[in-house]
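The next block holds one structure in the form of structure tokens; read it before the comments.
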Amino acid sequence: MKEYITKIGSGDLAVDDTLLTKGVETTAGSKILSGFVPLFSAEAVERAVKAGYTVSGKTNVGEFGLDLVGEFSNYNDGDEVLRGAAAELIAKGEVKGALEVDLNGAPRRAATLSGTDFIKPTYGTVSRYGIIPCACSGEQVGAAAANAAETKKLLAAVAGHDGKDGTSLPAEAYDYSCGKEPAGMKAGIITQLFELASEETKAVIKGYAEKLKALGVSVEEVSVEEIAAAQSAWQILMAAETCNNVSRYDGVKFGYRTPNYKNIDELYIGSRTEGMNLLTKTTVLYGSDVLSKGRYFTCYDKALKVRRVVAERFGELFKTYDLLLAPACGKTEYKKYDITRAFETVYGESVFTAVPNLIGIPAMVTKGVQLMAGHFEEKTLFKIAESAEGTDK
Amino acid sequence: MEKTKLDGLLSLNELQLSEDETASVLGAFEFMEGQEKIMDGINTENVEVMVHVMPMENVLREDVREQPFTREALLEGAPEHTEDSWQVPRLVK
Amino acid sequence: MKYEIVIGLETHVELNTRSKIFCACGGHSSHGEPNDCVCPACCGMPGMLPVTNKRVVELAVMAGLMLNCEINRYTTFDKKSYYYPDLPCAYQVTQWFHPICTNGLVEVQTKNGTAKIGIKQIHMEEDAGKLVHDDWSDTTLVDFNRTSVPLIEIVSRPDFRSAEEVLAYLEKLKAMFRFANISECEEGAMRCDVNISIRPEGSTELGVRTEIKNMSSLSSIERAIKYETARHMDAIERQTEVLVQETRRWDDIKGKTFSMRNKETAADYRYFPDPNIMPIVIDDEWLEKIKADMPASPEEKAAEYRALGVSDKEIELLISKRNLCDLFDELLMKGCNVQDIVSWILTECAGVLRKKGQVLDELSIPAEKLARIIAMTASNEVTRGAGRKILVAVLDDDVDPDKFCEENNLAAQGDESLINDVVKKVIEENPGAVNDYLGGKTKAFQALFGGCMKQLRGNGDPAIIRAQLENELAKLS
């Protein structure tokens, strides 16, 4: 049976286990971090608490947040139908909101499957101080809740400049409540992603598009040829940065140490081999390879250039479209699968989520649909999501 | 991806794989080889790398010293330590 | 056939900052207690993010300017990955793609003349921790105090042709960096990797190169170069072994180099740009500000002092240490006379320190207090001897000169009638000296003057004593 949460108190906020909580074991779902008790809390957690939230507990994540929705964690052996821990707790009404780190789309997928809301904001708006780092150039702390208004409230509580994070943007706070009315807006459905999705998922997207039309938003399909290259580029950057960041877990300073070693090499190899799962290992090895001497320029450097091309392309798109629509998952339900297939499986699904990580734009999942907008256009996403929710009533 | 190259990567990353896992990883590498080729479709001639998606510069701090953490607290979670140091098997005989 | 040695140096210099390069911990290589200058970032714990210390950038630019480098206006940090227990994150943040300084030149003097040493680049990076091998527990102890201490690495071109040139270069860097407060350059705070190869004289191709890692004492560097040169020569001329390109370790006790056949030397460091650190852009305004803040070089200082009339010998002493120049300059600003400054620093202060078993380098005195002592003696408020007593008290106990003078009754006696009585008494008691003086032996005046001063317990106003003594003696002639 899946353990969704390790309780701390009787609060209304779940914090995913990639965010440090002072005095409470934090493992990012990995055995290698078992017993690691942080000496400080993540800035986002501190800010949420200051804004009046109380922490209910730490929600289970897949090791380093690399899997689909948390299926490969040291806490569980996986249910038949996969669900994300924080999203499920929100769906069941056990917590009001959750803070989750989005490095490769897991919280967006989880929100889609559980029918809840999640927003990964513009890169640099929420401090990354106190998160267990993996893919530093594209990961962000995001906010999850049952509806757009609660999601907006939680994000507003945690966003804003933090001098402890060198990539934190200068704005002290963000006003997310001043989005324009939807009528007259233009939305594009990304053809390449729509076509990849299952029929049920397509139906969800179409249904949402109808709601938008009812609100006076014009909706059309838009072809974005760079999508597959963006997916490949993010995989390369994410894997390389993850490799580099998890290299610090070696059994020397904290966390798990293998009991079987006679010298430093055995200590390193034993601790890391026993402490991390196959998905993490594959990611580490691939990430190491793309940085190696013969491969750096054709692979890593190329991916950094593709990132610029994609960023410019989306910059152009957002001159025409106020928002873009796409699925965040290829299907409406994931079934349990074997970890030996995890790398390709997660890669396959990351096509839907990669662009916002790659180029730092905000992406929100609401009612099973992913909405994307230009940098700092969270207010547009919230306005759309709230208005579309309103049409249900 | 040859096995010898994978061995090099395993050594660089202080990891080991079982036979099944090796097959899985080699499969992943082969799969990614095809995926990387998709990037060839993007013309990146004269394109600068983009390391930071939200460009800023000179994010610097003043040279001020602070010491909010104690050695005892930092050592507490160490798998093996003395009163003042982390401890590993002896490196040089 | 004649051969020549070709040497290139990678010199790591610990920068003189209050805090580390990416976190606010203090800590330097010479720090005492293990792990008392560490934070979660220093010991590899996840969560903290690097924020670059501005002072590190400024000191690196200063070093670059001193070594005649081009300062790159756009500079970035990169990550270098390898495993070793002294590297807590298994990566080091350094500069690979866009180092801060490039293309410099240093001239060094040896007995064979001037050698021009090209500087390929200077880059900023963080230091690694320290390992102590403990016999008692048969373990290695890890100390992260030095982790993330800021370094610059100065990469020379292979322009050295002898060990003498290497030593002259390192001595020069040390003197420059110490003088400019860029680095203390203490033992261990300046470390070298020496790349060495041998080739037939006149050849433009390089021979097989070996790298000797991580040496900090000049004598080790000299011995290692000589040993390695001989080993290469033997291999080339007498085929004692086949040279391979490799990294070697100098064993100071055995006096030999040994091959390091570990994983680290074969590693692929997998450099990539650090996503957590934004680029640093040095615009004209900032560069000019750094230049303006840059202390004058020893040469510039010497020229300045020469123009003030200070002798070459005195200049040499003054420019040996930055703090003496700073003290000199401050005293000058406070209106002290140049000759007074020179004599109070180089004679009086040096004398007091010598008695305490210290050297002038160690002089530490608040400029305003020394300025006050100089002013008091210059205006005859106190005698030179009393001034010296005050100096001792200031150096020992940091007393206030005026208060100390008052409490110890050191003010010069300026009471003319009292001095007149004393002068008359001394003349009466020393007929021999008086006769000598009157007979033309002017030296005898000094003895009589000294007698008066002694009667006044050293506190007589010397100008008044002199005037009255001359006056009374004139009456007798």
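Order of writing sets the labels: A, B and C. Residues in every chain begin at 1.
Methods note: a residue touches a chain if its C-beta (ideal position, glycine included) is under 8 Å from a C-beta of that chain, and two chains touch if they have at least 3 such contacts.
Predicted model only: the values in this text are computed from it and were never measured.
The central chain here, found by comparing per-chain C-alpha centres with the mean of all protein C-alpha atoms, is B. Pairwise, the chains sharing the most contacting C-beta pairs are A-B. Inter-chain centre distance (chain A to chain C, centres taken as mean C-alpha positions): 52 Å. Centre-to-centre, using mean CA coordinates, chain A is 20 Å away from chain B. Rounded to whole angstrom, the centroid-to-centroid distance between chain B and chain C, based on C-alpha atoms, equals 39 Å.
Multi-chain contact residues of chain B (touching two or more other chains) are listed as 12, 14, 49, 51-52, 56, 59, 61, 69, 74, 80, 86, 88-89, 91. The multi-chain contact residues of chain A, meaning those touching 2 or more other chains, are 36, 39, 137, 163, 166-167, 243, 247, 250, 252-254, 264, 268, 288, 292, 304. Annotation for chain C: residues 40, 43, 45, 51-52, 81, 83, 85, 140, 142, 268, 270, 273, 275, 277-278 touch two or more other chains.
By the touch rule above, chain C contacts chain B in their complex via residues 17-19, 24-26, 33-40, 43, 45, 51-57, 76, 81, 83, 85, 131-134, 137-144, 263, 267-268, 270, 273, 275, 277-281.
Contacts from chain C toward chain A in the complex involve residues 40, 43-52, 79, 81, 83, 85, 88-91, 140, 142, 268, 270-273, 275-278. Those residues of chain B that touch chain C in the complex are listed here as 8, 11-12, 14, 49, 51-52, 55-69, 71, 74-75, 80, 82, 84-92. Within the complex formed with chain C, the residues of chain A that make contact are 20, 28, 36, 38-40, 42, 128-133, 136-137, 163-167, 240-241, 243-245, 247-248, 250, 252-254, 264, 268, 288, 291-293, 296, 300, 304. Chain contact summary for the complex, chain B toward chain A: residues 5-6, 9-10, 12-17, 20-21, 23-25, 27-29, 31-32, 35-36, 38-39, 41-44, 47-54, 56, 59, 61, 69, 73-74, 76-80, 86, 88-89, 91.
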